[in-house]
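Next up is a structure, given as structure tokens.
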Amino acid sequence: MEHLTQELQGVPLNHYIWLSAIIFTIGVIGVLTRRNAIVIFMSVELMLNAVNLLLTAFSVHNNDPSGQVFVFFIMALAAAEVAVGLSIIVMVYRNTQSTDINVLNRLKW
Amino acid sequence: MEQLLILLIFLPLAGALVTAFAGKAAKYAALVSAIVSLVLTAVLTCNFIPDASTQFVLNYPWIQDLGINFHAGIDGISLITVLLTNLLIPVIILASYGHDYKRANAFYALILFMQTGLLLVFTALDAFLFYIGWEAALIPVYFICAVWGGKDRIKVNMKFFVYTIAGSLFMLLGIIYLYLQNPLHNFDIQAFYKLNLDAAQQGWIFWSFFIAFAIKMPVFPFHTWQPDTYTEAPATGTMLLAGIMLKMGIYGVIRWLLPIVPHGVQDWGTTAIVLSIIGIVYASLIAFTQKNAKRLVAYSSIAHVGLISAGIFALNTQGMQGAMIQMLSHGINVVGLFFVLDIIFNRMKTNKIADLGGIASVAPQLAITFLIIVFGTVALPGTNGFIGEFLLLIGIYQYNIWAVVIAGLTVIFGAVYMLRMYQGVMLGKTNELTIGFKDIKGSEKLVLYIICALILILGVYPKPVLHLSEAAVQQLIEQVNQKLTSVN
Amino acid sequence: MNIIITIAVTALVVLYAGLFKAKKALLPISLIGLLGSLVFVVSSWNTAQVFYGMMQMDNFALAFSGLTIIGTMLILLLTQNYFAKDSENIAEYLCLILFALCGIVIMVSYKNMSMLFIGLEIMSVSLYILAGIRKNNFASNEASLKYFLMGAFSTGFLLFGITLIYGASGSFDLDAINKYLVGNYTSVSPLFYTGVILMLIGLSFKVGAAPFHFWTPDVYEGSPSLITSFMSTVVKTAGFAAFLRLFADTFAPLHDFWLMPLMVIVFLTLLIGNVTALFQKNFKRMLAYSSISHAGYLLFSLVALTSRSANNVLVYAAAYTFASIIAFAVLILVKQKTGNDNFENFNGLAKRNPFAALVLTIAMLSLAGIPLTAGFIGKYVMFLNVMTEYQVYLVAFAILNALVGFYYYFRVIVAMYFKEGSEIVLETPVQYKVVLLLSVAITLVLGLYPSVILNLI
Amino acid sequence: MIDLVWLVPLIPLLGFIINGLGRNTLSKNLIGFIGSAVIFISFAISVGIFFALGADANKSHEIFLFDWISAGSLHIPLSFLVDPLSSIMLLIITGVGFLIHVYSIGYMHSDEGFGKFFSYLNLFIFFMLLLVLGSNYIVMFIGWEGVGLCSYLLIGFWFTNSSYASAAKKAFVMNRIGDLGFLIAVFLIFTTFGSVEFSKVFPQAAQLMPGHATIILITLCLFIGACGKSAQIPLFTWLPDAMAGPTPVSALIHAATMVTAGIYMIARSSVLFDLAPVIQHLIAIVGLATAVLGALIAITQTDIKKVLAYSTVSQLGYMFLGLGVGAYDGAFFHVITHAFFKALLFLCAGSVIHAMHHEQDMRHMGGLRKKLPITFWTMLIGTIAISGLPPFSGFFSKDEILAHAYESNKIIWAIGVFTAFLTAFYMFRMLYLTFYGKYRGTHHAQEHIHESPASMTIPLIVLAVLSAIGGFIGVPESLGGHHWLSGWLSPVIGHHAEAPDHATEYMLMAISVVGVLISIGFAYVKYNKQNQVPVADEAKRSVLENLSYHKFYIDEIYDAVIRKPLDAFSAFFYKIVDRKIVDGIVNGLGWGTTEASKGLRLLQSGNVGFYIFMMVAGIISLLLYTYLSI
Amino acid sequence: MGTSVFYVVAALSIFFSLMVIFSKNPVHSVLYLIVTFFTFTVHYILLNAQFLAVVNFIVYMGAIMVLFLFVLMLLNLNKDNEPSKSNLIKVVGIIAGCCLVVTLVGSLKATAISNPLILKNPDLGLVKNLGKELFGPFMLPFELSSILLLTAMVGAVLLTKKEKV
């Protein structure tokens, strides 16, 4: 473990940024292209995780634990959000028998 | 003595509250309030020393953080407009007695509320207070016109409201700008007078103010709200609009535009005069063939106001004094005209000239009073209209002779459309409709007699009124000229 | 601190009271709790306490807390009989509102990004739920899901922004960030700029500024009116307080950088909010668009950062809050009688219920920004604020929009006074009367004598 | 006595007020009495003033009443000026006015609006007196417009007839056109001389060089004013229409007094006009043209009042001719004599009309000589007077003008004389058609024809006497007189043209008298001997006759050139410019916003995917900005 | 081998996350997401953020993903019956995504920060260290997140429980 981490110290910070940005964007693309609310939600989780990773990288870079603490909060939020979000989806499904977001267009204009 | 002014300004507000809860007695309560105001104004006028100073000054901090004070006072110019307001409001209230308005308490309360707004406008020495009054006068009249108006009232009044408030918001922009320029960071008019703005600044402040005033007056081409609104509004609303409200614009120009941005006026005054004069001819021409008498009078009002506006921008004592007295005269005359048309409308349910005619044979009293008002409007010597028009024209003449030649067409055109209307409505043979016309009586008679008396008295002996404002007007013009010569 | 504790404890007490079926006691308990917190607000005035370096209860925070608490109280007063007919779980609703209020108090007082995040999320999650509490109502479902999906999405950007700022400055603490900015003014990391922009996006979403406003009309319309009133007043106020704390203080050194995007946002927000509101048939939806436009005006305080910016937001938010509460209160009354939110239902209201009509008129005048109402003072200070930097074109544009605003606000007045409507008599319950009277009194007092609030912060 | 001059206008004003207020309550006799009495009192005072002035060495008295308007440097007092010119005008106005008032008692006796009529007449007298008494242009202007008002009221007296009402309006509007000229002249005077007081303006003006541009402008404007009031080309068409009013009105306002106000004004401002020879020429030409035109039209008219009206136009042209050639006193002389004989003629015509039950068409008259003897004889005197046969009044005044014209320009004189022949012709044509030949009306009407009551005939007789002898106030030196009038007016009208030498004058007189006699003979042959009667309206006429009969189509031309284009402009401005363009822009803004609203709200598609896409687009653009700006 | 582990794992992360959004069956998406999260856990370990790695493993993969799967099964969505959006929208979405990543990275000028990541304090991500931080300066947010969780709890119950009507 010790060894492994020592080995990895050569990765430039901007590669982490790239990675996070790419994964974040993949999440965004997911949100943009999918119609299933649950999958969209999963894409959002992907975005959050990208942020988490970047935060951790910055935390290490800055040698500051608070970044990792923040990740912890984000996870707590994610948990809360998942609970609420999924119950909303379930509730909607009960009424519409669907999780397709395109069904949700009664409120417009 | 300051208490007198406080009382004067807020009495109508108190009256409005009382009236709002007076139920059936609302119209009497309103009249009493208005008459008390009139008496107060008379007392005030008697105590007024006709020099250039501002008297009865009130100055209380109001919104200190923003440099806003309740700063009001009366000088000769204000006094004329205050006089106009408090003179016409009772007349207008009395004139509304022929109608049985629904929710009369609200109706009369709104009138009185508006009176406070108007008085604020006419006495404010703090730009913010002025603006507040400006808007406070607008809201009630909007409701008066929109609730009690004709069938097209909603759309028309919306236009009126949005149009006027558009102007006033740009004025607010100008006021804020002046406030920011003012090192004292307040809205005091004297401080504004002392500002040294460069020509570009003055130019755009001129426009931000002028558009607001031009819409209110209205000056061509900002006038199109006016004929519709006048036509659709209930008679009382029309009288308030044409008789008093319109003077807010004129007063604004005199009090706030000329002394604050003299260079702006110098640069753009010609444009303003040209617009005003175009308005005179244009509106007169349009009035020629109007089929609805109310609309005709509306256009005539544009023409008359154009003359006043041109006279003010001519920037000399005669023009300005003419504007002062013409404000009063126009207020009286136009109220009279609209009242007569209202009497006719009340009875005949129409103001279409073609439907009327021959009323003079069945209602001689009305015919005579109407005639006097018409001739007051066409500025026959011996009536109030003449004094103002004469002074205005002489003022414009000193500005430019060609301006007066064109503006003077109002003398001819006014006679043409007014007499056309008079002939169409009153003369000729009676028709099936007008044969049953009942002559005026009761409150109608009283109102018309008062109006005619005012027309003649002012026409024959205008000196006391002219005297009231003379010193103030002269000081104002000197002030402007000084500013023009001192800088640049 | 004790404000949050009081509110949170109240929420828990309410939750328990709900368990014990003490329905009658719920509202009083909540109100007493809020009153208690209000007392704390007043008592800690001018103390500027800092808690754990995380929360700063300065006058800014206290003033906004006070405003949001009062707003919440008024809205809670409207809950009488509101939920009862379609749910048993009133305690939970109240509890959620109070939790959201907790989040709001955090949002207005945070001194650390983590607090902002937590506060924002407490509030948002509560609102996701509250928007959907009409479980069988399709609109409510839709509102809830839309709000949730888009909210979660925008949170991602907000977090990314926080991350980048953290990456650049090495801290979540606002003071430290500000110190970093001031210290490295010439060499601020590019990460930071992007972070600022992303945070701008995230917060714009929360306050419903264009082009991140799309959730607003749908969610406002679909949510139960009471919740909408909460969202559009208290929540919006909180959003702006959060916005202000971050941008007006911490990011102030970068003002030149984020001014441009902000201006674009302001222009778009004003335009879309006002112009779209014009053609609405549904009163609630119109209010939603109007709230977007008000967001535009509120952002004026950020266009020109002056010592008064914060207070201006407070004034504007107060004016907007009370006027909106009136509007929603009357809307709820009308809707309970007629079943939908369309303008036609307001036809002839002046006859059916003159009091409500008058009060709503004043509210509309205030929203439109007519003098002698609080709304005018709000707009005025905003205009004044940006005029100090001579943003003449912005103000001119705002004026044009305000004109459009007059048009749609007056539509309500027109409907109430000038149109003939059904003869259904509309009664005003006592609590509604209290709310309406209080709000209208505040609206007028602020309009006539705004000094009471002008120098609060 | 002179200090009491304010009573002169005030008393008629009182009469107006009493009659006006009591028009429905007082009896007709009382109204008639009051109405006439007040004028008589004024007349009496005027006579007193006249003699007092005659006895006074100082020929000019200003009586200050009160300050009327003052604004800045402009001070306009209400003050009166009593001098030879105004004192003589007072006499004419109150004297002739009184007679016409008396006449009206009889003439209007059966009219419903008797009280109203008298109050209007009194008001007219008041304004007319104000006009002549004013010591400055503004007071004059008050009277000037005031008489216009009364003219409007009295022409439209029978307003139920809408063409009468239109005639009234036309009169007022045309007067107003002139008034604008007057007003501008006043402005010019004020700015040039710093005052509008006669006593300050004229001495200053006398210092100026002749032909000074401002003076020319002032006099031109004044002349435009005079044209309106005194019915000169191009503003004369209102006067014939003004015959719509009751006949005493035509006599008083549209013959004797008001229409001569223009001459009075120019005579009053003679100092100014002397400095503007160009304008004087213009006046002469316009006057002459008007005289000819009026006479030409009068030849073929069939309405007895129209003949007199065009004759008035023509005579007014004469007066202007006189003014134009510098014979101010001659013109003024003609004003006086014209007041006598034209008032007489109108009143006679009124008497005829009264007798014929408001029949005015001469084609339905004839042979009235026996039934209306007094009317006939008085009218005969009037006709001779206007034709200019010595020693009747018209001869002297007309001759004086012609003599000066001859001095000024021979062609002008020739045309003037020709016009005089025409005058004699159409006047005698009228006389013959009315009083000679056979009665051509209905039998029913014939039975009711009777001489008018005494209240009408006495004024006729008085006026006939005046017409006959009135000329003796201005007998020229060539005929052994010493032209009292000229001497009397000399303090006011300082400069006046030299009369031609006696021999020339005799020759001129001879030519005109002979010519007139021939014309009369011509008329006699045609209308008495041959009993020719003008053909019916629709009958065919020769081209010239047609032109004359249709008044040279001037009304129609005005209608086509001025009124119709103006109305078309009005409609255009209203319907196109105002509604479509100016209002269209305003409404278009509103419409555009609404359309924008319709469009923009489609953005809110309800589709979450779309919303998010838009958000992403926004985010991308903001990030792009960031990329570009750092 | 050095840093290549990171790149391999990173590639895997990207690959699986792409699979998440492109697999038609939601259940497959969830499973790919779990795998993606696992790669994240590896990243955390590589960054020596052991506590986070554990939490990520437990919370995300253990709790959250199971919840997702549970809901999917509950709602019977384990078929790829999602009506897919039109290709146009997909293409547009992808293009938008690409633009986003380009602008995002571009605006970061990330290439400028090429200094390698150095773990200055190996204990940074250890529980002890984080605990101190969490119960020290971050005490308040930590406590307050309880409200968040409570809210979520109440909300979840509220929304999914059947009303007695």
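Here the chain labels run A, B, C, D and E in written order, and each chain numbers its own residues starting at 1.
Everything that follows uses one rule, which is that contacts are C-beta pairs under 8 Å (C-beta built on N, C-alpha and C of every residue); 3 or more make two chains touch, one makes a residue touch a chain.
None of these values were measured; they are calculated from a predicted model.
Shared contact partners of chain B and chain E are C, D. Pairwise, the chains sharing the most contacting C-beta pairs are A-E.
Ranked by how far their CA centres sit from the centre of chain E, the chains are topped by D.
Distances from each chain's CA mean to the overall CA mean are smallest for chain B.
Chain centres here are means of the Cα atoms, and by that rule the chain farthest away from chain A is D.
Distance between chain A and chain E, defined via averaged C-alpha coordinates, is recorded as 4 Å. Averaging C-alpha coordinates per chain places the centre of chain B 42 Å away from that of chain C. Separating the CA-averaged centres of chain C and chain D is a span of 77 Å. The distance from the centre of chain C to the centre of chain E, each centre being the mean of the chain's C-alpha atoms, comes to 31 Å.
Looking at chain C, one finds that residues 114, 117-118, 121, 125, 128-129, 132, 135-136, 146, 149, 153, 164, 190-191, 193-194, 197, 217-218, 407 touch two or more other chains. Each of residues 162 in chain B touches at least two other chains. Along chain E, residues 85, 89, 92-93, 96-97, 100, 104, 107-109, 112-113, 137-138, 141, 145, 148, 151-152, 155, 159 each make contact with two or more other chains.
Across the whole structure, chains are in contact as follows: A-C, A-D, A-E, B-C, B-D, C-D, C-E, D-E.
Within the complex formed with chain D, the chain B residues making contact are 159, 162-163, 220-221, 223-225, 282, 285-290, 316-318, 321-322, 357-358, 360-361, 375, 380-382, 386-387, 390-391, 393-394, 397-398, 401, 404-405, 408-409, 411-412, 415-416, 419-420, 423, 426-430, 461-463, 466-467, 470, 474.
Taken together, the chain E residues at the contact with chain D in this complex read 85, 89, 92-93, 96-97, 99-100, 103-104, 106-107, 109. Looking at the complex, you find that chain E touches chain A at residues 1-3, 5-7, 10, 13-14, 17-18, 20-21, 26, 29-30, 33, 36-37, 40, 43-49, 51-52, 55-56, 59-60, 63-64, 67-68, 71-72, 74-75, 77, 82-85, 89-90, 92-94, 96-98, 100-101, 104-105, 108, 110-122, 124-125, 129-130, 132-134, 137-138, 141-142, 145, 148-149, 151-153, 155-156, 159-160. Per the touch definition, chain C reaches chain A in the complex via residues 113-114, 117-118, 121, 125, 128-129, 132, 135-136, 138-139, 141-146, 148-149, 152-153, 155-156, 159-160, 162-164, 166-167, 170-172, 191, 217-219, 221-222. Within the complex formed with chain D, the residues of chain C that make contact are 146, 149-150, 153-154, 157, 190, 193-194, 197-198, 200-201, 205, 211-212, 214-215, 217-218, 257, 260-261, 271-272, 275-280, 404, 407.
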